[in-house]
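Please go over the structures that come below.
In the two complexes that follow, chain A is the common piece, with chain B as its partner first and chain C second.
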Partner chain A sequence: MNAVGPLACVVIKELYRRKDFYVLFVLTALISVLMGGMNFFNTQNIARYIKEICLALIWISSLVIAIGTAARQLPAERESRTIFPLLAKPVTRADVIAGKFTGCWLACGLCLVVFYVLFGVLSAARSPELNWLQIAQALVLHWFMLGMLVAMTLLGSVVFAAPSSNGTICLIVTAGMLLLGRHLNKVALQLTEPGQSIVYAVYFVLPHFELFDVRDMVVHSAPLIAAGPFLLALVYAGVYVAVFLLGAWLVFRRQMLN
Partner chain B sequence: MNAPRLMLVLLLVGCFTLAARLVPTGLPADGTRRGADSVAALLLGEGRRLFANHLFVKADVYMHSGYYPTIFDHAQLHGGANSTRTQAATGTGQDTDQGFLGPPRDWLDRFGRNFYVTTHSHLGDDEEHCEHCRNKAKSAPAEPGHEHHDGEAASGDVREILPWLRLSAMLDPQNVETYTVAAYWLRSHLKRPEEAEKFLREGWRENPDSYEILFELGRVTSEVRHDDARARNLWELALRKWDQKNRGAVDPDLPLRRLLLGSLARLEERAGNLAKAIGYFELLKSISPAPETVQKQIDELRAKR
Partner chain C sequence: MEPLVKIESLIVEYRSKERGQPVKRAVDGLSLDVQAGEVFGFLGPNGAGKTSTMNVLLGFVNATAGNAFLFGVNVREPIARQRIGYLPELTYYYKFLTAEELLRFYGKIFRIPRAEADRRIDAVLKLVELEPSRHRLIKTYSKGMQQRVGLAQALINNPDLLILDEPTSGLDPIGRMKVREIIQRLKNEGKTVFFSSHELGEVETVCDRVAILNQGKLQVAGRVSDLIAQHQMNLEQLFLKIIGYQPATN
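Let's look at the complex of A and B:
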């Protein structure tokens, strides 16, 4: 497993060499600052709308970065044929999967820290009573959610033929779960059998990304999430990461590379 | 030039021709276009009304601090009695403990409730529910850790709904409710009648036949500026506009007519024009759900004459 560290470093270096993050960061900052500069009825200290807009942009940017980074890792190695010298070294296919995941996840974490610092600064400029602990909670949950997403995208990259199709499918599943995940059980209860059991099974099987989306709690200054549920959510994410990575390794270890 | 490039040029020429043909038909007959229409309407077309409605609802979500039913919940918060629009129309809100979430349906639902807003509160609740602050009894001893709210700071939380209302009005200037709701909160909770009046006048320019805006404008003039003469003119004009719009309508807007007639009657009573006040009360009696109460007021006025 010594190869995981260097593999992860390569992915992180790739992120800061590419322009994706910079473009998304500048766009997020620009739109947030422009919206923050708007005058509404000459009223000062209106903070929540700017928090909401900034967090929405951060979420969109992070999804694009996570899926974009993870989806191209293995196909790019295969396309440029660098996967062969990589696997000729004492590096197993499990190391490759673990290294790529670690690199993508850490890279997403670095991006998130920069984005949330921007969010904190913008929010603090509007309302001094900022709950930094709540922002830290939101960041950690967001990061673990991206871990699940990166692992799912890596699994997709060994299942689907092209990175574009993988990225599109992952984005649709993620957006679907973020928007509807919480309500699938309500939909299921209104259906007749066997539809009810099928939708309920889907509800329990799919990863609930929306659990990690605590933007409303940050925007409306809700109380902090208790330690128990917070840690359980991290364990929930960890289980899904393990399942997706195991699936990716099982497919990848028997896959023909040329 | 090869065939694909020629095709591209042909498509561009087709697009330009179509745009040149369609854009003039989108303009009003007199060739003028209202400022607010230009950018939003050009970019989003009629779809901007959908966005505007979404932003209007967003203001209500903020009013309830994020505790708000979705289309999947099949329930309205308080049956709509505490929505920003209802409070704006009636001037009051009411507290209920009715929750739309219901008991958790499964373990995941129960667990998930730790990660979104599940407690019901309203912006500005601190002031309304805090007896100490409500009475403004600053001399009374406060509990440890309790801070007094000062006008702006206390009800100031309500200001958080304003951006969404302003953006909603920018996208759909023809939605009269946006102006009246924003004006209500600006006037009654944020104590900014000048901003309320400015916004209402902006709405009036966009909707010259709106009796709702005229009524709200009259409220600002009467209750804040205490200028009864101008308020009378505004309300009388609103009454005429109401007649024009609702005469012969299947479902006339009676609640607003009641408010208009009641306001005019009280204004005339204050001004000493008792005969006119009785006239308005008589009109109000014919559409009031409690005519006996109105009759009592008429009798009192007749006794005064």
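Let's look at the complex of A and C:
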């Protein structure tokens, strides 16, 4: 496993040398600051709206960064043929998958820290009663959710031929689960067979990203999540990461490279 | 003495993804040895099985039958690749890295200590004449410079065996000359070089021994001087004769 660390470093270097993150960060900051400077209808709770908007932008940006970064890793290695000198060294295909995942996940984590610091600063400017522990908890959950997403996208990148199709499918699945995930079982109950079984299968097989979305709790200053459910959510994410990475390795190890 | 590269009755077959298509045999019962310290030219027309053979040696493809060994270790073991350097044909290295960063990355894979890595990076960049451009991003490099940075990465672990897949492909005459000079220097340092090429003049100049493949089968192998003397023709004429090329008559 000598190659995991160096491979991860290359992924992180790629992220900070590309313009994607900077563009998304500047846009998020700009929109949030502009909205923060306004006072709609003289409402007293304007800080909550600013928080909501800023967190929504952070979530959208993080999805774009995670999927964009993970979807191009393996196809780019094959297209530019750098996979050959890499595998000609004492590096296994499992190392490549593990290295790419670690790099993408750490890079997403770094981006999230920057985004959440921006969120904290903007929120603190409008309402002094800010709970930094709650923000840290939201960040960790968000980061683990991105871990699942990165692993799923890496699996997609060895299954689908084009990075664009993989990116689009992952984005649709993620947005679908975030918006509808918690209602799928109720939808299934209303359907007849075989639709019911299919929707139930989707409900039980796909990762429930929405469990990690605690934006409302941050916006409405709800109490901290208890340690038990919090750790359970992290374990849930860990299991999905392991399953997706195992799947990616099983497909990648049998794939012809030329 | 044990050969550095040993190939025994190697067969490589590719199955087509389309149903009903026959299995394609890319390499058909190839056996050859490469001894330590020699420059070995691996020749053949396109589709002869050269790259397939190299892919087996490098562990990219599993042999359908037969065996291949590097330093006496079966190529299926990743450790067999600890002492080799490989330059693939036409590779576009990570364009967001500089040459120095790229070499440091590959050095870390081999767990080369920092001080030793610094020393080797200096040495290989000097050898491939990329020292003045070491801090420039690779995306700003010309094709020739990219090929030389590829050679540098192949040398970062100070390998005993170099496997080069058409190292001068796509280069201008000056680029070719520079790569040829580097191979010559490596030969003088006692390195073993196993390379495929379509440049027969270049092969004649730098190789000790050659093997010519056609349609997956080994047609001839031996010392370049012996083959030329035996067949009373230069390497290019011999190559064309072996692959059955008939010049068009007007």
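As a convention for this text, the second predicted complex is superposed on the first by the 251 of 258 C-alpha atoms of A that agree within 3 Å, B and C clash if a C-alpha of one lies under 4 Å from a C-alpha of the other, contacts with A are read in each partner's own complex, and residues count from 1 in each chain.
Basically, a residue touches a chain if its C-beta (ideal position, glycine included) is under 8 Å from a C-beta of that chain, and two chains touch if they have at least 3 such contacts.
Bear in mind that the values here come from a model prediction, so they are computed numbers and not experimental data.
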item	value
Chain C versus chain B on the shared chain A, clash or fit after superposition	fit
First (chain B), second (chain C), both or neither touched by A:D216	first
Chain A: partner with more touched residues, chain B or chain C	B
Which of chain B and chain C A:R17 touches, first, second, both or neither	second
Which of chain B and chain C A:L232 touches, first, second, both or neither	first
After superposition on chain A, the shortest CA separation from chain B to chain C (Å)	30
Overlap of chain C and chain B interfaces on chain A (superposed complexes)	none
Residue numbers on chain C that touch chain A, as the complex places them	14, 51, 55, 58-61, 78-79, 81-82, 84, 86-97, 101, 105-106, 108-111, 150, 153-154, 157, 163
Complex contact set, residues of chain B against chain A	62, 65-66, 70, 72-73, 105-106, 108-109, 111-112, 114-117, 119, 156, 159-160, 162-164, 166, 182, 186, 190, 192, 195, 199
Residues of chain A that touch chain C when the two form their complex	2-3, 5-6, 9-10, 13-14, 17-18, 80-82, 84-92, 256-258
Residues of chain A defined as touching chain B within the complex	38, 40-43, 45-49, 141, 182-183, 185-187, 189, 203-204, 208, 210-214, 216-217, 219-220, 222, 225-226, 229-230, 232-233
